[in-house]
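The same chain A turns up in both complexes below, where it pairs with chain B and then with chain C.
Then we have the complex of A and B:
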């Protein structure tokens, strides 16, 4: 395997958790809910995946556990913000803090232990093709799931009736309610999907990226995923592009250091957020495009009258 | 009057809806025949919206039965209502700005229909009924009248047996209303029953065969509108305390010009929408000048520039001959100008704050005793609040309630009172009686006229033509950011103004005061 392949592969591995978490949050936000707890759900997925994989010896069960823990954490958020109409920003922030704390507690005995790594795919002959082989046929299974998620979510949102309904709720929950659409039921499902994705993204970290458990191992990736959704102006394909861009930046940073090029690492860490600010400024210039893509109800609680 | 098909389509039998101890609907009975256009008349808060929400399945009655074609039905959600054949055109449209016309309509259709089929059908139906629509247009880009067409076509595609329209003409020009009536009469002749909710008496008289009148959640009368007079209908609607505006002789010609606007040009509020184009006019002492127009034609921008929420070149706006275009709201207030903005809650008043705190928000800097250094003197604020409440008959539940707990009419009286209580020379009001009950509206209008009689210059921006014809001495019309010449109200009529609202006039050249 050549140097180029190695770099491209590490970029894909770095981008995959960002992509999965962001695509989940995109669905949540398209339904009009702002869940700032991505980081918390992700770290819960990471610890759950690692612990269960260690205990069972099967990384696939670990993946399922990561997803399940993401969903459970998101349900707490959903109950507070949807059923009790609590403030979404405050609840999301609390969820992140809670997730970081609970995951440290759960993973305490597992710090430093060697984990179970989810193996890469290996097709005889295909994987051995130069360059494209390892990239297309030799990656970890979650990579393929992440790509499928982008296309699946895009198709779901813009080609299916249920997707249209979800977008309509994010655009105007009062109108949706007046038409008899069960706003809260859709939002519950959207938040749970977001939780599943965040959990899976966390599982990728502890089962593929660095198969071990370290406290706070998400290291801000949940926040990058949140920024990505805005960066992508709520379009799935742009989330894909953004995740690989940010993934490339973080890997480039490592290679730059190795080559002795002095780029302040703080600057590179800040780059996703700077890029998001730039994109926000750019998209706010086009009022019409903003109106079409931005979920107008984002972060606003909905209480049905009865 | 035809009722072809015949037979009772819908009957309500003792329907009640409670919110705690408050009876929103109390033992409502009435019936609609197939093909009948039936009016549901009542003031804001009379319980009309609650009633139709129960017919459309958005709310459930606490008592009583709904009979559909003679059989009791339980309508537990809007989809069931649609399946029965009930279509609803909402007052505040239930549309999605970011979606296309076809997508908006698809959301109310059965799930198995393809978007492309719906697009074809909606264009066919809209053409047939003379309600032209493009299936792939985004709602955001449509005018208010076109948005209502989307709502109506959405209902028509479901081939309803009963069509409910909640205050459908409140956002339409007289011409657009007339077009709507044509569609409704045609539907009626095809056998569709229409429940028409309104408080506009003239159109109910012109359109509806029967009327049921609601007051305080109860049916207080039924009548054939054509056999009544507007006054007799209004009395049934409001009870007896209907206030008629006392006409007054206009004596403002040649009086001093208080507000002068010269060649005012400004960008739209968002930077992309309607801008103000070379606006010239003056308002004199002792007169009420009215500006008519459909919402979104630059009235909000004009109000913002006049009040100082946005600034302009100094000479574009003059108060008492002094250039003030560059001054802040407070600086303008200190010159005796007062402003009552369009939205009561959120713009004119902070919903969660008490009335006395809301007093401080616009009167600080004007009342000497309201502050000691940086500190608010709550005692003074409370005294001012009491004075306003007493002078303007603001009815409130407790001594110092939050702004949002007041009814629309009472809060509007409070907001107007707060502005004009101490010697205003110039009062600029945007939508003074929007969403206000008829009793309060009449009082608010009288207040404005009294202020003019006391020597203030009054500028009223309103979408309500009846209101403008009732109180203004001179009228102009805004369309697409341009202002027509002011003409004396006695020399124009609703049709002429209605035409101008659609932009059918040559814009004013030079000052018109």
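Then we have the complex of A and C:
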């Protein structure tokens, strides 16, 4: 395996959890809900996946557990913000803090244990092809799920009737409600989908990326996913590009350091956030484009009055 | 006015009474402030093991409350102050980034004694205690140079502070004592604890051809990556053999227990004084994990070096040593002063990296 392949593989591994969490949050925000608790749901998925995988000895059951825990955590958010119409920003932030606390409690017995790693795919012949083999046919299963999610979500949002309805709720929940669309039911499902994705992203961390459990192992990746959604101006394909760009920058700077090229790594760590700010400034220049993509009801609670 | 005076007198009498009863029977409170979680598998876990040894040694004569996950910086001040108010007689603040906060609280509570780990500031009631981790890293360097086939090791650094720079320099000097051409690649991850980033750094270094990995970050992720890729690595702060049974050559293990017991005894005997302690392998504040996964001759060399450091015969920072740019730092036979080491901000010759400033 040459160095180019090795670097590309490392980038893919670094980008996958960001991509999955961001694509889930994109659907949530398209429905008009702002869930800042991605980090909390992700870390719950990480602990759930690790614990169940080591108890059952099967990483696949761990993946399912990660998704389930992400959904359960998101349901708490959904109940508070949708059924009780609590403030979404405050609830999302508390969800992150809660997730970090509960996950360290749950995982206390499991810190430092060797984990079960979800194996890479291996097709006879295909995986051995130079360059494309390991990249296209030899990665971990969650990588393929992440790519499928991008295309699936893109198709769902822009090519299906249900997707159109979801976007219309995000743009004007009063009109949608007046048309008889069950706004809260749609939003519940969107938030749960976001939770499932965040949980899966967490599971990727504790079952593929670094097969172990340590407290707070998401280390801010949930926040990067949130930034990516804005960076992508709510378009799935741009989330894909953003996640890989971020992965490339963070892996590239490590390689640059190992080669002895002096790069201010602190600056590169801040790059995705700087890029988000720049993109925000740029898109706010073009009011029309901004209005088309930004869900107008983002973060506003909806209370059906009759 | 009279009422006020009587009231004040009452308060004074009550607090005197409380103080007296505290002296008479209540267990002494020795408090710990941790930067991470006590099960982090590295730095904080080593401190917590020390705390448990302390508790076991004195039994019900002391209480040892602790607070985990205290962020470095201004927020730490509130935590330390709460401890000081709650009747702690001795407070251990166990991370570099608690230094200024410890000094600030100590000034307001002159009767409480403070001990700050790995810093450089002291006062009437603040002691600074530290461990010469670099002694262990010199041994790691020697082992690396003996076992590496490619002659290049990878070093995952956290932050470019003197403690980490000491480690990199000592590792390089150790390696050069065996193989003068030995190369070291350094990657900074700007974090003490980010398993994913540490793993990425490990992969990047291995992809660039290093066949030995060492780290000054706290998670076991680099050890896992090394195991997966079939190269050897060293553990940090705690014995990490569980993460790489076939991979770990040895580890630097922090053992704070004996020091904690001694300092608490000093407070009990009334002999506690502010000081600046910087102990190493000889005093047992630092130990080497068993030498594993290496040939017998390498093991024998490592053990001999360890013995020489313990006896004081070998000091890692002894001349001739040049700075990275080739200028002379230590002349033949000259030993580095502790003051210089504590503020170390340059590399020695042979490190293949530019120190971030």
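Please note the rule applied: the second predicted complex is superposed on the first by the 306 of 306 C-alpha atoms of A that agree within 3 Å, B and C clash if a C-alpha of one lies under 4 Å from a C-alpha of the other, contacts with A are read in each partner's own complex, and residues count from 1 in each chain.
Note that a contact is a pair of C-beta atoms (placed from the backbone, for glycine too) under 8 Å apart; a residue touches a chain by one contact, two chains touch by 3 or more.
Keep in mind the model is a prediction, meaning the values are calculated, not measured.
Judged by the number of chain A residues each one touches, C leads among chain B and chain C. Of the two partner chains, chain B is the only one that A:179 touches; chain C does not reach it. Touch criterion not met for A:83: it reaches neither chain B nor chain C.
Once the two complexes are laid over each other on the shared chain, residue contacts for A:217 go to chain C alone; chain B is not touched.
Once chain A of one complex is fitted onto chain A of the other, the partner contacts of A:257 are limited to chain C, with no touch recorded for chain B. Of the two partner chains placed around the shared chain by superposition, chain C is the only one that A:6 touches, whereas chain B remains out of contact.
Of the two partner chains, chain B is the only one touched by A:171; chain C is not. When the two structures are aligned on the shared chain, A:160 is found in touch with neither chain B nor chain C. Contacts of chain A with chain B, set against its contacts with chain C after fitting on chain A, share not one residue.
On chain C, the positions that touch chain A within their shared complex are 36-37, 39-41, 69, 154, 185-191, 193-201, 203-205, 207-208, 219-221, 224, 242-243, 352-354, 356. Listed in rising order, the residues of chain A touching chain B in the complex are 161, 164-165, 167-168, 171-172, 174-181, 287-288, 291-294, 296, 305-306. In the complex of the two chains, the chain B residues touching chain A come out as 57-60, 77-79, 81-82, 90, 92-99, 103, 106-108, 111, 138, 140-141, 270-272.
Those residues of chain A lying in contact with chain C across their complex are 3, 6-7, 10, 14, 104, 108, 111-114, 205, 209-212, 214-217, 219, 221, 250-251, 254-255, 257-260, 262, 264-266, 269.
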